[in-house]
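You will see chain A twice below: alongside chain B first, and alongside chain C after that.
Right after this comes the complex of A and B.
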């Protein structure tokens, strides 16, 4: 890989990623041309509802989509200048768990129930030992347990002896054991209670700062995004609809879907008799609308929105928004 | 006026190999007609068990339950069945609480059939009426649950719960499995139904923004006990119990200019099996002293505001 390429591309650069699943002879368009970029030490929040394609994107980066039925049809995923989608499986295996690791949503199913938690951490370290590296995997696993706030004496216990929050901390210890450059966190706190969520988010934040890790945080919780992220991408039906810094997206949400999403959350500071849901349902991913995927639910949609795929427009504050009626809506709503 | 639901010193213990698990321990409250009591707390604090014990899905260990002023704690057989018609439940997970092999309409009409009070024609009419009430399209009458998304399935669960015109409905995390845009649809529906039919709700949830929106009063539970109960607005404006304060401060705020100042609690919920007699929160509480090792009593600190904490004056 030429050196100049390394310097030009962001640390993680996803270009025009397209992923499809085949189910019952029908093609599910899960990810439709997604561009994302992330620098070292930064956090990008990927926000969207169930089925929007968030987890599929993370799994595509790691290339752990199911062998049968799922296919990366196009695009590039560059990490540190190297296109991961072109790597041999052997080389990819060296990257997984080492340069890139993932925290899965459900700590109850992400751990092996018949292996001690310590061994599960040590396994990752052991697998990625370089030639001549004399790190003791067991010692490193104990160190990781202490880092995530679990006494090292509990190395020999099994997942069922841990509470949900502690299990998630073990999952985090596994993910961070090899000091990855990129952390993919897929709803890392969704299964946890708020007081434990606060502990876990703090822990991830501290560790990231210490090791300058880049993080892609997948979530549906706008509050978590507000606390943790630098940039935000809003995804709907496999397409990024709005993309900017946290300040831009939270202060000036521009796409009708983003506006709707903010409006649907019960307000903690105001009393409102009725909530403002987004009418309708997400589109069928086997049969997406021709134009804007959100147009069937959008109160502002016109024929222009339904004709052809919408390109990206720049909002007045300079972030990306995939809406051709953006200007007209802003005028109408003031 | 007599409250629709009143519970006094309600207890529910489960037998476990390690000793009795105190899922619900000495809970007292009442809910007025047409009002909503929100019950919040972390997983394992006994909030679902409380709801289920009140409507007799679990048999209570001790204490009393009154429905419309009548003691229903130890009802059996036919009397219990009649009382149960007045008390229904909407479950958390719309994916597992509906029979996958039944059509939507047969799920909704089942309570009507079981009650034995309606003719075939009445059942058909009432089913159609219920489905339109909760906003399920007539054409989905013969659909199966797997053909429906989560929001619609939850509507089916609501229609089934309302089939026999209950007075009291336990809503056990009815929106936590749904996406925000759909969640708002279902919350609005629940509120509208309450206004139209004068329903009384007990709304169990761990989502603080949802509970604030829907409740008149809120109970905060910790390891089987109610640590604080007061009107919804007051709880958010002036939380008194140290646990409530920590819980509220842990909610991630969407306001990026005023990030929440989080009080990070140390440790996690301790085991509810054979708990010590003192305050159950003491192990995580930054204000705990020796006095907290004594059993705590629920105290009414201002009208309608109940707290179970002996150090409340020092803490606030």
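Right after this comes the complex of A and C.
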């Protein structure tokens, strides 16, 4: 957990980010006051279930939320001390794909079907010729293809000629072609089968090490977090519930939701008949509970949890946990 | 690909044959005596009988059909007009280009305006730009083109005297008013098609990818999205082309353009069977060629479709080997 006493801002510093969607006249509270920070070269895992607001956070950083309906209502996103949310669109374009780039969840649909893969890689290099390190987009695109393990001769082929794993490699090549400082990886392995998952994660890891790229890894897979991340933030209904280093969160999960997540992973050493899901469903984001968003599903919830928004408490090992019943739970579990 | 084109071209033979038989039969079944129409009301019965014999109208249906098909498909001769005795092929060679120019100018106006209008509607979905574009499209479909033609003539020819009211003496300029009055339907159709197709595409993941790469919004829409949205638009263009080609007669009549439309309509009134038949076969072939062109355009726009065309060939090669 990087301490907040330093006056200098971390490399990526998200403060109190609030994002809402308007749909059919109802306001969807997608992200509700999220704080995150990330240093150069480090990896932060953002864990949560579908609809928790993970992708919205990533898209807010890049400011590529859909024009219609989505709105960043508050907060700051500082990259290298510069508030991205206040930049002009023209300046923001210079950052997208260059300083910050994104890997998308579904490689099947993330590539333009009528453009050759080579051109799609070269395009991002071409767009950032002025500020980038590369002068020849086509040469760089071929180099990137080789780096992600695709022969450069396949430059002129189209996405439909590639398998899912190969397409994700192309997406990675696009994302890393300009050596970004920050990589937003939105469930980069979810759509791939397990053997390819490991390859893709290794590939991302190797390339990041080479260029000292920071990564915000969005996932719902605790195994991936264990393999890749330095820090972990657990998000639920647009709110961070637990935030610490991987070691802290994995060794001493404190929030009942995090405990539930770990409990849901089947133990391969034991002969278990049943899986252990967390009972209930995530709350309706148009009508969030007044207090703790997890309280309706929480086995430890009391009236106190439902009264007002919960603040952040420090756990005994020093990481953040948004739970006012921490002590009581520790006793019960202990 | 070449194999695919050759196959499609060969397919046009049975199409032309079918059209020829159908039109010939329909013309035979049409009431009215060509000889009477040609010679006028004052002709004597002997003159009429001689004329019928000369035109071969006394032969049985199958004999005449056989003769006609032999002439068209073996000798490549559409014959001469019964009224003017001018060779039909020669006439088509002069008139077809005029109809083509009218159709192409109409399409250029329709799609040149319709595509940007549709894109604007899609990128401003549910905003005022969208409403205006869609209201314009509705009006475009609803306006009868002969009425619009008269309005345009009275404004641009009579009042302002900018453009000629009829004829083709002034070259391309003569086609502006006819094309303007003829384009509304196609324009509206194109705008609606572009809008719905673009709405599908601009929500696609690869559009988000393009934005995340730092592509300027204009290129996102016109370079990444529009190319993917083109297939339904090309289909609409092909349909509109065929429609305009076949429906040119009204506009050609109003503006007195001696094209294919007026040729066929005039001959129909005169019971000039060879012209109607020859003209129709010719339009049918032009339409088939157009559809082939549309299919080839699909392949040019979408590599997946191109792969399909080529894929058929590859399979055949394997089968032969």
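Rule of thumb we're sticking to: the second predicted complex is superposed on the first by the 323 of 334 C-alpha atoms of A that agree within 3 Å, B and C clash if a C-alpha of one lies under 4 Å from a C-alpha of the other, contacts with A are read in each partner's own complex, and residues count from 1 in each chain.
One rule holds in what follows: a residue touches a chain if its C-beta (ideal position, glycine included) is under 8 Å from a C-beta of that chain, and two chains touch if they have at least 3 such contacts.
Worth saying up front: this structure is predicted, and the values here are computed from it rather than measured.
Peer 1: Should A:164 be classified as contacting the first partner (chain B), the second (chain C), both, or neither?
Peer 2: Only chain B; A:164 stays clear of chain C.
Peer 1: Tell me which partner A:96 touches in the superposition: chain B (first), chain C (second), both or neither.
Peer 2: Only chain C; A:96 stays clear of chain B.
Peer 1: Can A:326 be said to touch chain B (first), chain C (second), both, or neither?
Peer 2: A:326 sits against neither chain B nor chain C.
Peer 1: Could you look at A:265 and tell me whether it touches chain B, chain C, both or neither (first, second, both, neither)?
Peer 2: First partner only, chain B.
Peer 1: According to the stated criteria, A:19 is in contact with first (chain B), second (chain C), both, or neither; which is it?
Peer 2: A:19 contacts neither chain B nor chain C.
Peer 1: Return the chain, chain B or chain C, that is in touch with more residues of chain A.
Peer 2: Looking at chain B versus chain C, the one contacting more residues of chain A is B.
Peer 1: What is the contact status of A:109 with respect to chain B (first) and chain C (second): first, second, both, or neither?
Peer 2: second
Peer 1: Can A:214 be said to touch chain B (first), chain C (second), both, or neither?
Peer 2: In the superposition, A:214 touches no partner, neither chain B nor chain C.
Peer 1: List the residues on chain A that touch chain B in their complex, please.
Peer 2: Against chain B, chain A makes touches at 49-50, 163-166, 193-199, 201-202, 220-224, 226-227, 246-247, 250-251, 260-262, 264-269, 271-279, 281.
Peer 1: Mind pulling up the chain A residues that touch chain C in the complex?
Peer 2: Where chain A meets chain C, its residues are 59, 62, 64, 66, 68, 89, 93-98, 101-102, 104, 106, 109-115, 123-124, 127-128, 158, 160-161, 171, 174.
Peer 1: Can you name the residues of chain C that touch chain A in the complex?
Peer 2: My answer: residues 125-126, 203-206, 208-217, 224, 227-228, 301-304, 307.
Peer 1: Okay, in this complex, where on chain B does chain A touch?
Peer 2: Going through chain B, the ones touching chain A are 42-43, 149-151, 179-185, 187-188, 191, 206, 208-210, 212-213, 233, 236, 246-247, 250-256, 259-260, 262, 264-265, 268-269.
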